[in-house]
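Consider the two complexes below, in which chain A is the common component and chain B and chain C are the respective partners.
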Partner chain A sequence: MSLLYEMIFDYTLRNVALGTLLLGLGAGAIGSFMTLRGQSLIGDAIAHATLPGVAIAYLLTSAKDPSVLLIGAAIAGVLGIGAITVIIRTTKIDSDGANGIILSIFFGLGLLLLTYIQKLPKSSQAGLDRFIFGQAATIVAKDVVIIAIVQFLVLTTLVLFFKEFKSSTFDPQSTTVMGFNQKIIDFIFAALLVAVIVVGLQTVGVILISALLVAPAAAARQWTHSLKTMVILSSLFSGISGMIGSLISATGMNLPTGPMIVLVLTLFIAISFLFGSKRGVVNKKIAQIKRNRTFDQNRILLALDTLARSHEESDLYHSSHTIGLMVQHNQGIKRVLKQLTFSGLLLVDEESNYALSRKGEEFVASLKGGEGLYAR
Partner chain B sequence: MQGEIIVIAILSSIACAIPGVFLLLKRMALISDAISHSILPGIVIGFLVKQSLNTPYPIIGAVLSAMVMVVVSESLHRSNLVKGDTAIAVVFPPLFSVGVILVSIFAKNVHLDTDAVLLGELAFAPFDRMAIFNTTLPKSMVKMAIILVLNLIVMIVLFKELKVSTFDPVLSKSLGFSPSFLHYLLMFMTSITAVGAFDSVGAILVLAFMITPTATALLLTNSLFLMVIIAFILATGSSILGVLFAMKIDAGISGSITTVMGLFFILAYLFSPSNGVVTRIKNKMRIKHEYALSIILYHLMNHCEADDMESECSYGHLMDQFSYPQRYLKKVVHSAVARGLVEEHNGVFHITEEGLKSTSLPVYK
Partner chain C sequence: MNDLNNIAIEVEDLTVAYHHNPVLWDIDVQIEKGVISAIVGPNGAGKSTLLKSILQLIPISSGSITFFGRSLKEMRREVAYVPQRSEVDWDFPTTVLDVVMMGSYGALGWIIPPGKRERELALQALEKVGMTEFANRQISELSGGQQQRTFIARALVQDASIYLMDEPFAGVDAATEQAILKVLRELQSKGKTLVIVHHDLLTVKAYFDHVILLNVHTIAAGPVKTTFTQENLQKAYKGKFSAFKGDIDEFTV
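Moving on, here comes the complex of A and B:
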């Protein structure tokens, strides 16, 4: 309760909570499109690629003002995404390779500059370290305003161009045929991606911010088959886990924020993978067990029907062994027979022999799609 | 001491390039990134056992956590819960996060901080020595040398198998080499190499060492064998230049080596003789030139010795006919005259015998 109280009235915590919540909303939404487009790793590459931008912006202006550094980061991010596109289009290197190369070259350059800056005489504490793993506690009201504006723009654009993004994600060819310029859509998408990543750098850090994009989308996908629902869910997952993670980091033992958020996100993923209503492992298993049971039951009913037809009296009782031979497996057959008897489809005599009941015969008829078709 | 640092850098970068070649060609470059991130918790836990990086525990822990990443992401992919690259992107960040959090919790009392995780400590490597034969060598030099030799042995012995399974997994299976065995061998090799390179290069730039020189080599050649050799040369060159540059400006060594590797990549991208940007632009210009030349020749051929020859074959008419810029047309016509395909008489162009031959079409008169 006291945490909730502090969240509302403590200046730092309020900023942290609000900032990361807003950050997550946009990141989760754009992340859904990114993963569905099969570009899950591009966010990682762009995020790493922003580091030299931060360092160069600092070297040029020696400003500690975050907005200047973020502009540098954005330029580097755009350059990075452009370079990846060019490499994929003009060489035989695949998208994985291009992502990896740009990620590592840019990040290597960034680290080189960062270590250089650290050794400069007057700037021993430029505070650039926070860009690597993120430090949510450094968020001030001004940062929250920047995050809010950027996220508002991103979400508005997503809503306005929802149709175009949707169609270009699932069917690029038909999008082009319908007369939308795929290149412009891709460019807008890349710009949104860079914007979301750049405003999140301070909080989550370059190394782990891509998790804020990919993980909630992967989790949301387990709960729905509708894009709209997925985007909303992903956005909520991302926002909530961003907030929880950063609050733990800001109140607790001065733990780095990015990793904390990732761990909370992973919890969401684990729950979704297990219990997700559309694809979750547990649900799938339950559905599979149900399917198997129905299959076994139907086979037994059909077998009894065949037996009944091949004998003169139609209500002849058969042992579970005979039925087992008919359906060619014996495991658990007695259990299934009992279930069927319980639901009134079978009749059982004193020696545990089974026959179709009236209801059972009707059910078999409906299985066969009507008496007429298979009648002798 | 500088020499020793350079040697360690060379050993690490060549050792990394060996799995890198096959990862890049199998379109799994980012697996190496994922592996190098996910070894961190294993290393930290192994480190905490004896408070030292020079016991087998960090290596065992690291390989185990890398294998956890590989197996979990593959089973996620196979279960259809998420697509392949998403599976990787979902599995390695939590592992890395656990590592970072462990480091920051224990940072006060152990000698392993986030800088070491990110950058490695190549500059301090020569201080940590071990006695070997009659001399002492830096421990990380010995470690990287062993890993390099192991990687070389695997690559040389299994070169054919790795090659086939990289380019044609189905053929490889039908020939009787198990692609999944080779796959896991490669994953294992990548993990061991990443662990070894971890203290000199840092967790993240292992990716750079693995794929940047190999991608540069891929731009320069189409032969696997040559690609390996070129990657080795580039790795060596980048290590030497990178260490020297870092010493000069007093900055992080691994970042500096990576930057040099990046410069080599850009150079190869621009100037590769087979498909660099410059070569491609040159080719494009040559083709455009040849095309302009040939249509002018056809035009002259059609009008040679016709009644309207005077007007049709003048310079001004060529300008009207083919809307090329004046200077470009001049250049093309000049080159045609220089090659003896066209002659000029009083401002009228005649196609020569040589020119007729070069159009290689029957002449209609």
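Moving on, here comes the complex of A and C:
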């Protein structure tokens, strides 16, 4: 409770909570499209590419004002995307390769410049290394306002162009034929991506901000088959884990924010991959067990039906051994027979021999009626 | 009647090259309004490339393409494309109805979302391809034939005058093949023009009335009766065609 109290009334914590929540909402939403477009790496490449922009902006202006640094970051991010596009178009290098090349070149350059800045007099106050791992506690009210405006614009654009993004993600060629210029869609998408990344830099850091884009989308996909639901879930996962992670980082032992957020995200992913209602491992396993059980049950019922047809009226009851031979499957057959008896489809006599009940006969008739061996 | 109005697609001197290797060389094709035309040729002949360059999905090195004498830009709404099934990720999180509704996006234009009317059009299209009961099915759960029908339904929603389809009969079951054929014939009876990349030489005579034999160059183009001959096929398949000798005539309609 005290954390909730502080979240509302403590100036720093309120800024941290609000800033990272808003940041995550936009990042998770755009991240869904990024992963579905098969461009999971591009967020990471853009984020790393912003670092030299931050450093150069500082060198040119010696300003500590974050908004100047962020403009530098945005310019470098756009240059990074441009370079990736040029590499893909003009060489035979694929998008993974192009992302990797730009990521390392820009990040390397950024680190070089940061080291240089740290050796300058008065540089200790620059605090630019917060851009690498992120430091949520440095968020002030003004930053929250910037984040809020940018995320509002990003989410509004996503809603407005939802149809275009959806169609061009699923089938870019047909979307082009229908008259939507793919270059315009790609441009809007890239602009949104750069905006989300740039405003999140000093909070989450260049190294891990892509986690806020990719991980929630992967987790959300486990719960739904609808794009709209996936985008909303991803947005919420990202916002909530961003907030929790940054609060722990800001209140605890001053741990870096980016890694803390990733830890919380890992929890979301683990739960989603295990228990996700559409693709989770546990759910799939349960469905498979159910299918197998239904299959076993139906085969036993059909076997008893065959036996009933080939035997005299007096000889309707058969031992589990006989039935097992019929279905060529003896393991656990007694358990399945008990289940069937329990659900009233089979009758059992004192010597543990089984026969079809009236209800069982009707069920066999419906099975033969075309619903097939797998139907229930 | 003005001659221009009778030529649905005119391709002149079309050349396409990837990294300096010509994929299509000096293609000249005229397709009349209201015909069903097959693009036929061996693997690597440039069949899909021809469709894509007609639609300006890939850059062309030279040549011109017009639709009823106009540019694609002016005729966008009149041209629909059915890509190969394998060109999209069927694991995309959406339903059959939603994909079919995408056919209405072009008419809606930017930003405006689809509504009741578009939903209605999509349901009608699904009925035409016999997929009504699958409207709310996840696209990841569809069979190959159902995927193909979904794509055709999406094209129907576009209500274009020219349809370009890439291998709609590839890898579908017999029932789907007949269902698709029925839809194509219905489109033709409404005066629509259809250009279809086709791989099954044995059905060309039964399904199509115009054929383009392609192997980087246009080997021959014209009515199936006079163009789809042993001699032309030999030229298109460069002797690799011998296995089919004799079979073609049996399927003459």
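Operating definition for what follows: the second predicted complex is superposed on the first by the 366 of 376 C-alpha atoms of A that agree within 3 Å, B and C clash if a C-alpha of one lies under 4 Å from a C-alpha of the other, contacts with A are read in each partner's own complex, and residues count from 1 in each chain.
The rule is short, and it goes like this: a contact is a pair of C-beta atoms (placed from the backbone, for glycine too) under 8 Å apart; a residue touches a chain by one contact, two chains touch by 3 or more.
Keep in mind that what you see is a predicted model, and the values were worked out from it rather than measured.
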{"item": "If touched residues of chain A are counted for chain B and for chain C, the larger one", "value": "B"}
{"item": "Touching partner for A:G258 - first (chain B), second (chain C), both, neither", "value": "first"}
{"item": "Partner chain(s) touched by A:M230 [first = chain B, second = chain C, both, neither]", "value": "second"}
{"item": "Chain B versus chain C as contact partner of A:Q173, first or second or both or neither", "value": "second"}
{"item": "Touched partner set for A:R221, first chain B, second chain C, both or neither", "value": "both"}
{"item": "Partner chain in contact with A:F161 - chain B first, chain C second, else both or neither", "value": "second"}
{"item": "First (chain B), second (chain C), both or neither touched by A:T266", "value": "first"}
{"item": "Residues of chain A that lie at the interface with chain B and also at the interface with chain C", "value": "38, 221"}
{"item": "Of all residues in chain A, those that touch chain C in their complex", "value": "36, 38, 160-164, 166-167, 169-171, 173-180, 221, 224-227, 230"}
{"item": "Chain B contact footprint on chain A (complex, rising order)", "value": "35, 38, 40-41, 44, 48, 87, 90-94, 96-97, 99-101, 103-116, 119, 132-133, 207-208, 210-211, 214-215, 217-218, 221-222, 253-256, 258-260, 262-263, 265-266, 269, 273, 279, 281"}
{"item": "Contacting residues of chain B [partner chain A, same complex]", "value": "24, 27-30, 32-33, 76, 79-83, 85-86, 88-90, 93-94, 96-98, 100-101, 104-105, 114, 118-119, 202, 204-205, 207-208, 211-212, 215, 218-219, 246, 249-252, 254-259, 261-262, 265, 269, 275, 277, 280"}
{"item": "Contact set on chain C toward chain A in their complex", "value": "52, 55, 57, 76-77, 79-81, 83, 87-89, 92-95, 98-99, 102, 105-106, 108-114, 138, 140, 154, 158"}
